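Both of the next two complexes hold chain A, though its partner changes from chain B to chain C.
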Partner chain A sequence: MHYYLIKRFVFLVLTIIAASALAYFMLHAVPGETAENVARHTLVGIEDAVSEQMKAEISSKYNLNDPIWVQYTNWLSALLFSGNLGSSYVYKDTSVLTLISLALGPTIILATASMLIVIIVGIPLGMYCAVHENSTSDLIIRATTIFSISFPSFWLALMLILVFSLELDWLPVAGYGTPANLVLPAVALALHPTAVVIRIVRTSMLETLGQQYITFAIAKGLSWSHILWNHAIKNALIPVLTLLGVYFGHLLAGTVIIENIFAWPGIGNLLIKSVDARDIPVVTSCIVVIVAMFLIVNFFVDLSYHFIDPRIRYE
Partner chain B sequence: MSEEIVISPKTRRMLPAKSMHDSNNRLYREIAKRPGFQVCLVLLGLLIIVAIFAPYISPYDPEAISVRDKNQGISSAHLFGTDFLGRDLFSLTLCGAQTSLLIASVSVAIALAFGCVVGCIAGYYGGVVDEILSRCVDLLLAFPGIIFALALLAFMGAGILNLIIAITISQWAIYARLMRGQVISIKNLEYVQSAYTAGLPDRRIMIRHLFPNAIMPVLILATLDIGHVILSVAGLSFLGLGIPPGIPEWGSMIGAGKEFLRTAPLNVIVPGLAITFVVLIFNFLGEGLRDILDVHKDQVNIG
Partner chain C sequence: MKTRTLAVCLLVFLLIAGIVIAGCTTTKAQAASSEASSASATQASTSPKILKMADLSEITSLDPATSGTFIGEKAMVTEPLIGATQDFVVTPKLATSWKQTSPTTWEFKLRDDVKFHNGKPMTANEVKFSFDRACKLNAANREMADYKGSRVIDDHTIEITTNRINPVLPAIVHYNGFGIIHPDSLNAQGNFSIPVGTGPMMYDSFNQQTRVFTVKKSPDYWAGTVKLDGVVYSSVPDHNSRTLAIEKGEIDFTVDLPYNEADRIEALPGINVEKYLTPRVYILTVNHDRALLKDIRMRQALSLAINRTDIVNHVLYGVGQSARGYFLPSMSFGNKNLKELPYDPVKAKALLAEMGYKDKNGDGIVEKDGQPLTINLLTATNRPGLAPMAETIGSDLKAIGIQPNVEVMASAASSDRTKAGKYDLSLSASNIAMVPDPAYILPRWFTSNGSSNTGHYKNATLDAQIDDALHTADEKERLAKWNKVEADAYDLLPNIPVADYGVLIVKKDTVQGYKFDPTAHDYALDYMITLTG
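Up next is the complex of A and B:
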């Protein structure tokens, strides 16, 4: 178990580093363009021409003339040894770390709220559908889920704004700070994963309920609710757990669009603003942070299997 | 010389039961049992025809700006109303179908082909080759959702070709992983082993024996994925990263129209419904295929 933990942890760190290298190389592949960008955001206006001299100065200041792997090694060692992610081009040399840490909180709040909706709505509804297989309500819920996975989440977000903010005036259109602000983005983000979770819980629960130990429990005369909540649910939830890990990643990716719509000051919003401004250090760091969050959550999901199902052992 | 081959009933009984003819028959029977699936197939056919002939079918020039007619409601002249520049939303939506379907089908097709080849090689050879290829796949899959495509587009800039490249690169890994698993599960079966023993070259074993028998779940995943990719393309275009302005596309229509949500919600509602409709068709088709071909539920999950 300990050996497995260490192995998994080392692998986690290596994957994050490899992903950061991929993101870094992808975004830093054109050094001349980078220099021009920095100049546009620090020395001259966005539309102005950039002289070759300015480019040369910036290139030497930020070591842009070094081979890309040297630049990457410097960036990585600064990150690992002093927790420094470099400085933003656009926000006048604000450290990227400050920007990221300011944005991390809102994103975590939003993703957690959505995840709670997914779990609280998805699992009970899925179980309900499995227990009442092929009843009218089962059919209605399943039809709703297939519609739900076909909506674009950003469109749903706009429709929610249209109905609940503009027409009914119940909730704020956009912004951050009060719980009321959280409702619409969290719901818009949660819809798609909730629908998938309902379907998977239903399938998995049906499979579990067909197992012999359930039949035995029924024959033994145990109450139905006892069987459901104590015997069936644990086995039924294992595939759901894997899915929740994967869907946490989808939530993170989804926040990029949803935060943009609701002016939510999170990582996704920062990422899109930085992409528009071609603020490459911030873009790289945002992507690395998103990947790291996704991988860390899945690391814990993997570890939690053992606690749900003691039969699963790690070698 | 032409001599007709007559198969006596007795010989017919000795032939393998599952010939190509029989399995085709089974497919038709299964489809015949599912009216919903047939409707979806017809709708898909219509959709493809509409997408191909969109510029000729659409009643107005989708690019014709007429500020005087902007933000009109639904009328007999403009079936879905007009957008914030007075362009006919019905025509724009039709032409948007072309863009969405083209990008989604091309990128899924390339990703599918590449992913299948990589997955087949990784699964068949195993060892170091498998290790290297699988680590590449893991690395790509560490980027959740549209994040990888977004990073690529942030660097390459918007454009149809760039969008196809970005989607393809971020999508192939999923197929490679599934294909690898499929190949590993069948490569030790007797018929593959006998092909190997008979001295067939690796390439031939892979193409003739592994590929056709491993491909089904991957194809179903791809069908389900087209819907998913249409959503991703729309999302990226909505953010202004996918399709450059000037080409009708549903995501960018929503992105541009969201400023007019209060005064002219049709700008947003119409393209959104179009996306939902198309994705719905692909999701139903994928689900139907999965049931018809009876692929095990764990192999392909919608999402």
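Up next is the complex of A and C:
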């Protein structure tokens, strides 16, 4: 077990280094000069004022004239040895660490809220559909899931705003800071994964209910709810758990479009703005944080298998 | 044992997660409390008059020296020495008068009744501090002003020295990058902290997380009574969300909504849409390193092929107008005799035929020496009108027998391509009066070594004319010379103007007293604006 943990930790560090290097070098491979991008995003509305002198000063200030590998190793060593993520090229008054810690909170809040909706709605409905296989309600729920899987989330988000903000006037259109602001983005994000979870839980549950040990439990005369909650669900949830882990990782990775629509100040929003402005320290640091969160969540998902099914062991 | 290890691991994870979430919750609580002040102000908008506005761009800095135009033009916190009228004539603002005392020095007399938001009076010392800082921190300011230094003559007189003769310095310091701030704007370490200016609004709060910025009314503004109690600025980057937010009434004022939405929004009760021209022009930069485009007949044919009226009506939905010269009709210094460039595809085809381009194989594309005539047209995504306009121009070119190759890319990538000379035409929306004077853009575009002459146009006669105009001190004579430069360039078409840039101002009917400032960089607010109801 200890060996397994050490192995996973080393894997985590190596993946983060590889991902940061990839982000760093790929951003430099994109056409367009970094200094020009930064200058254009500094002088919003008067981009024409960007001069060669200004670009030269930006390049010199942030050492953009150094070879890329020198810039990258400087950034990485500052991160590894002093935990310093550098300073942003565009948000001149803020360090990258501050920017990321400010963006991480809204992202975790949004991802957790969406995940709770997925779990609270998806798992019970999936079980219900399995138990009432091919009933009218099963058919209606499955048809609805097809609807929410098929429509893109940005369209659903706008429809939610139209109905709940504009028509019913229940919730605000966009913004951050109150619980009411959280509802629409969380629901918009949760619709697609909830539909998938309903279908996976249903399929997995049906498969489990067809197993011989369930038939044996029925033959033993155990109550249906006892069979469902004590025997069937644990086994049926293993594939669902993997899926939830992946979805949660994705949600933490920032959902650019939804954050953009709802003006939610999360990490996806920060990432897309920084990519646009070629704010390399911010982009690379966002990638590091996102990869780390994704891997940590999946690590704990892997560990949780053991609790659900003790036959699964890690060596 | 293994189960215990796993249990410990899970416990540790939960603790870490708890700490992270708690940390984030604190951040959120701080953010919420900060935003609460703005929100409470917002909700209680029946008593205090708080204007809620949303923009596409996020506020990245509040420093006038480096943030461009936001803190002066939109937030109304800082002001420059010089103002400008609707027809781009410079007027007194924080300075009452100015005169050129030698070829390289200008003297500005300052108002003696202006106070900063910290209650301290504005003197020449703060003006010197602001100018030194603006030119030190921002190469764009330094280069435009050609700033050498400044000298305080007395409390209300300052002398500014330039490296070379600069007859348009007053127009240059009209730009908000030269906004005047008090040294209290810096913290003990000398870093910029909050803007302490002289404008009608003063700093209230800035939420670093949501980038929501609030300003409140300055109690003793020198120019008059400020009608609003405050303004809340937020960024809603998604066009649809901004449209829905003003429809629902969450914001009072916004800009840059999709052009095709203008009529629909205008029809909504309680909202009005206004279209204005801004000092920006959609223009085709021509690559003069291509032998093909050096021939003036080819540039004329390209210009004749473009149906500008259709572009304005169907691409810009009326937000803009066909170009008549290089400047807006409202600009006092523009040449008023210039007319819209004609649309005449028949004449364009005749010019191509005269150059030897004919469609011999009947495929609709003209050829010369067996080679079809292909024109590469590059544009960027940074302004919404550019990509559809490039596509339309492409189809206009095809109509006269030119095979278009339209490419749309990010602005920095497009800039890379133009620098490398890998293009024929490049469509952009260029600012023509960042400084309200013809001496700003015409030399940049048309002199052989002009900083914006990316097409490498070379014309010794035009160079000499521009040099002469730049060194003429008499105002009337100077403007006449610039008008001649503009007219000659308009005939030679070193670059091809397409349309004047427009902006959509969308506001609720309750917003009163708004007067569009065409000299602003897209738009500006002022102290006369108010809210009713």
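Criterion: the second predicted complex is superposed on the first by the 280 of 315 C-alpha atoms of A that agree within 3 Å, B and C clash if a C-alpha of one lies under 4 Å from a C-alpha of the other, contacts with A are read in each partner's own complex, and residues count from 1 in each chain.
Assume contacts are C-beta pairs under 8 Å (C-beta built on N, C-alpha and C of every residue); 3 or more make two chains touch, one makes a residue touch a chain.
Here the structure is a predicted model, which means the values were calculated and not measured.
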Chain B versus chain C as contact partner of A:266, first or second or both or neither: neither
Chain B versus chain C as contact partner of A:15, first or second or both or neither: first
Which of chain B and chain C A:245 touches, first, second, both or neither: neither
Superposition-derived comparison: chain B or chain C, residues of chain A touched: C
Touching partner for A:27 - first (chain B), second (chain C), both, neither: first
First (chain B), second (chain C), both or neither touched by A:185: neither
Touching partner for A:147 - first (chain B), second (chain C), both, neither: first
Which of chain B and chain C A:158 touches, first, second, both or neither: both
Chain B versus chain C as contact partner of A:106, first or second or both or neither: second
Which of chain B and chain C A:122 touches, first, second, both or neither: neither
Chain B and chain C footprints on chain A, overlapping residues: 30, 158, 161-162, 166, 260-261, 278
Contact footprint of chain A on chain C as seen in their complex: 2-3, 5-6, 9-10, 13, 20-21, 23-25, 27-28, 31-32, 35-36, 39, 57-58, 60-63, 66-70, 138-140, 142-144, 191-192, 208-211, 234-238, 240-241, 244-245, 247-248, 250, 382, 409-413, 415-417, 430-431, 434, 451-452, 521-522
Complex interface listing, chain A residues touching chain C: 1-2, 5, 30-33, 36-37, 40-54, 56-57, 90-94, 98, 101-106, 108-109, 112, 158, 161-162, 165-166, 169, 172-178, 260-263, 265, 269, 273, 278, 296, 300, 303-304, 306-307, 310, 313
Interface residues, chain B side, partner chain A - complex: 138-139, 142-147, 150-152, 154-155, 227, 231, 234-235, 238-241, 251, 254, 258, 261-262, 265, 268-269, 271-272, 275-276, 279-280, 283-284, 287, 297-298, 301-303
Chain A residues within the chain B interface of the complex: 15-16, 18-19, 22-23, 26-27, 29-30, 146-147, 149-155, 158-159, 161-162, 166, 196, 199-200, 203, 239, 243, 246-250, 252-254, 256-257, 260-261, 271-272, 275-276, 278, 283, 287, 290-291, 294-295
